[in-house]
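Here subunit A shows up in two complexes: once beside subunit B, once beside subunit C.
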Partner chain A sequence: MSSPLLSVSGLTKRYRRGVKIIAAVDDVSFHIETGETLALAGPSGSGKSTIARLVLRLVEPDAGRIRFEGEDFLALGGAALRSRRARLQMVFQDPLAAFNPRATVARVLDDPLRVHGIASRQERPRRIAALLERVGLTPDLAPRAIHEISGGQRQRVAIARAIATKPSLIVFDEAVSALDLSVRGQILRLLLDLQREERIAYLFISHDLGVISAIAHRVVILDAGTIAESGNARAVIDAPQSAIGKALVAATPRLNRTRP
Partner chain B sequence: MTALLSIRDLTVTYRRDGGEVAALKDISLDIAAGERLAVIGESGSGKSTLALAVAGLLPASARVDGKIDWPGLGHTPLGGRDIGFVFQDPSASLDPVMPVGKQIAEVAYTHLGLGWPQAYAKARTLLERVRLPDPDAALHAFPHQLSGGQKQRVAIAAAIAAGPKLLIADEATSALDTIVQAEIVALVRQLVAADGMTLLFISHDIALAAELAERIAVFRYGGLIEIGAARQIVSAPRHAYTSSLLDAHLGLDAEPLSLQAGTPT
Partner chain C sequence: MNPLRRFLRVPEARAGVVILAALLAMALSASLFFPGDPQAIAGPALLPPFKDWSLPLGTDRLGRDVLAELFHGARTSLAVGIAAAAAALVIGAIIGTLAGFAGGLIDELLMRTTDAFQTVPSFLLALAFVSVVGPSLGVVVAAIALGAWTGPARVARAEVLSIRERDFVAGARVTGMHPLEIAFREILPNALPPVLALSSVIVAAAILTEAALSFLGLGDPNRVTWGGMIAEGRAVLRTAPFLSIIPGIALVLTVLGVYLAGEGVVETTAVRRSLS
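The block that comes next holds the complex of A and B.
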């Protein structure tokens, strides 16, 4: 069997809080296969975003190993790390915070193409138009400023930016949590289409178990920095074994649509 | 059943950048004394505008037509005393440099005519009622020393300190994780029942609204699409828009999207 796309083992990150040291992530291990969606769920403060930042190497772990595309990801530095970053992209909850609101849509998509040397200056406008169409937007959106488009359109632009560098893995941190229901459904379908066609894997962070059961293959449930349980998303949500898994399922509002 | 308040032909227009935004159009509805009414709808549909109009908190840039009467109150409501308001972001309603006990005591001092010692005693009781661990210590805590869920409990304590007839919660649990959300919703339900308060609960989460409220009003583009018993809205919606909201909800039993009909494009 070939090795997984991403494998994380013994990942640990501690932070100082006042006089105490807390382990935001404590000896966490998991893997993601090519084209697979792994969800991370858990209550607030359980370490989901810290894991995302560690995997993206936005922060460095205190212990643990990360292998990505067959390489020791933590050993990479300088140019090698920069070039590998193209393969590992991210989409966060609030795309306005990630982009300068006055930047145009074209500018936001031009950056990764330029930085990673993916397309020549002459070729870039055509590439940008193609990316916009890929995420279901019309190319005439390109000259608009980020603050002049809707939240759902911004999230599509963030996805277009993430796929611009042909990644094998995208990390989503609460990326659909702030969207209206109808828009959220469209974005999730877009993610599934992209995954099916380009074999991209997703590390999908959400506190919403409904979204997770709709999109994820497997789920890892975190509690206070450690893995409480993990497994097939359907199986875990149908019959959680851990206390925190049970609490999360019990706390999820249910919509009973049967006729009175 | 007497109406606590009665909204007739309410239209709210904001002036913005020389243009006008009609945030609410011709809304008429009654809120019965003691009922739990949820308002749901997508972003920009006018939910918060309705809450602000009811509470008399609309900005000066808003033009208001129509009227809101308070037959169940018998007088014009006073914000803070007759109406308690809890917002999505508890930090927005709490003063960062004042101990939370003082913030709650101040409401009781101002609106109930209590002296400071009694107002503080009341604050302590309220912190107990919203089930803050160690209420004596919490009296002296500053907002930044509390978690998001604890801050929201404090905001609820302050909102109910003067014994309001109406409690308005505008996305009050949206920023909290599901477990804390469920705790806060249970707390609100229990407080409203114990004090005979009326609840106006604003949320974009249709399942949460249906669990908490007796009636649900569905808003879209500033209009009231339909209003009815929560069971009826969820099981037998009259309007196609309500059905589409229900269909877009992803519950625990959500089928994988990849298996649902109509997925591929």
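The block that comes next holds the complex of A and C.
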């Protein structure tokens, strides 16, 4: 158990825009230990979401290596990749767009249990109810359509879907940005509880340093696809070294800040 | 307001539904009112309409009851129209979804095949197919569907191309779902509405194609069809024009009914979209 849960090295993704080739992610390396939260911060366009999609193999990188649970994650394909996906889950930014518009809560949670053969058909309704309770929802919500429930409830369902397959790592792509402040606090508390009890590691992508300081152990600050600085979350936020880090800290609103 | 009530408030929809309901009633009651073979001789030949009330629409050159033929012909027209349109929509939706979802070489291959089918006039294709395989109801349905699936395929592909970039498809991949399940269970149902909007046009075209094939003698010879009736009447067009006019009117009304009902559906969904 000396190697980290996830290690990413030299990750690069280039996009063509007309004749120009733009590197959305340029030689990025980081690692995450079991049960740890690493935050990726940076302004929009800094490559945070692209990194999330690369780590999940939703987009293929142009260069670099990804090792997950001791395996070369980029070498996997087809059925092997699909079965490993149980261990590496994701929660999206917009909880409405992340679900099939025709789905119900029960179907959303049924899919991972069925696809990975976690529970038999008879057993699944009970497992779905347990998952809903685990994320602080009532099981009566199961037959409701996704568009009938509130944004906060939807994001809880998304978390329930992510933990259904007992993953060791969950990627959150701006997962609390679309929620209002009181709901955001509740969701962050839920994530901290889950992490403490299940030892799940989080890769937490956000532009909001307030949220990051509440949840992350370490932080990586990105600028234009490269790493500007990284380190202990507290230390980086208290005393940022890079220009972009200073700009992000300065842009974070504080309640006690005096008006200019 | 429920969708059916809203649908029936559109005047076109009401007219279309009335026509189609009458047609459906004719098709369903054909063997009730006119049991036995509609192609059997029922009276003197070339009896004009409204002369003998046991044969209200008269008889044709061989003395067959025109009204009985009209009722039984409604069956063929509806069956062929609906079956051919359903087949075309299913084939088109599947091919369009596969092309749009798979992309790359498979997309190229499927869409160039679609192009090839689209460049051949669909009526010629149907004509060639039926004359090679031989006329029967199933072959006629297949022949019509063969020329009609390209439209639904293109629409389905365009929809799938936009839907596959949405987050919920990425979510399904993260869940570990098989690509075929993602294509047909997650994407296709969301791509269907604009594809189904084509159905009225396809049903109407299928009914007309079937009539045209029958007119040329390539319909199922064991079934009465309106196209076949018009062809029969052509030989005596000067002396007994009603033999061609009556099934002709039935054909026009049917196609009109399908179009109006389709227009009603489009209108209803447009209203719903502007409301939400």
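By our rule, the second predicted complex is superposed on the first by the 255 of 260 C-alpha atoms of A that agree within 3 Å, B and C clash if a C-alpha of one lies under 4 Å from a C-alpha of the other, contacts with A are read in each partner's own complex, and residues count from 1 in each chain.
Methods note: a residue touches a chain if its C-beta (ideal position, glycine included) is under 8 Å from a C-beta of that chain, and two chains touch if they have at least 3 such contacts.
These numbers come from a predicted model, not from an experiment.
Participant: So if we stack both complexes on subunit A, do subunit B and subunit C clash, or do they fit?
Facilitator: Verdict on subunit A: subunit B and subunit C fit.
Participant: Which partner does A:R67 reach: the first (subunit B), the second (subunit C), both, or neither?
Facilitator: Neither subunit B nor subunit C is touched by A:R67.
Participant: Between subunit B (first) and subunit C (second), which does A:A98 come into contact with in this model arrangement: first, second, both, or neither?
Facilitator: Touch status of A:A98: second partner only.
Participant: When the two structures are overlaid on chain A, which partner does A:R218 contact: first (subunit B), second (subunit C), both, or neither?
Facilitator: Touch status of A:R218: no partner.
Participant: Would you check which partner chain A:K13 touches, where first means subunit B only, second means subunit C only, and both and neither mean what they say?
Facilitator: neither
Participant: In the superposed arrangement, does A:R161 touch subunit B (first), subunit C (second), both or neither?
Facilitator: second
Participant: Answer with first, second, both or neither: which of subunit B and subunit C does A:R134 touch in the superposed model?
Facilitator: In the superposition, A:R134 contacts neither subunit B nor subunit C.
Participant: In the overlay, answer first, second, both or neither for which of subunit B and subunit C A:K48 touches.
Facilitator: Neither partner.
Participant: Between subunit B and subunit C, what opening angle does the Cα centre of subunit A see in the overlaid model, nearest 10 degrees?
Facilitator: Approximately 80 degrees at the subunit A centre.
Participant: Using the touch criterion from the header, give the chain among subunit B and subunit C with more contacted residues in subunit A.
Facilitator: B
Participant: Rounded to the nearest angstrom, what is the minimum C-alpha distance from subunit B to subunit C in the superposition?
Facilitator: Between subunit B and subunit C, the minimum C-alpha distance equals 8 Å.
Participant: Based on the A-chain superposition described above, do subunit B and subunit C contact any of the same residues on subunit A, and if so which?
Facilitator: Correct list for subunit A: none, the interfaces share no residue.
Participant: Considering the complex alone, what residue numbers of subunit B touch subunit A?
Facilitator: Against subunit A, the touching part of subunit B is residues 42-43, 147-148, 176-182, 204-208, 210-211, 231-232, 234-236, 244-246, 248-258, 263-265.
Participant: What residues of subunit C sit close enough to touch subunit A in their complex?
Facilitator: Going through subunit C, the ones touching subunit A are 166-168, 170-178, 186, 189-190.
Participant: In their shared complex, at which residues does subunit A touch subunit C?
Facilitator: It is residues 53, 56, 58, 82-83, 85-86, 88-90, 92-94, 97-102, 111-112, 115-116, 161, 165 of subunit A that touch subunit C.
Participant: Can you list the subunit A residues touching subunit B in their complex?
Facilitator: Within the complex, subunit A contacts subunit B at residues 43-45, 151, 180-182, 184-185, 188-189, 192-193, 196, 207-211, 213-215, 234, 237, 247-260.
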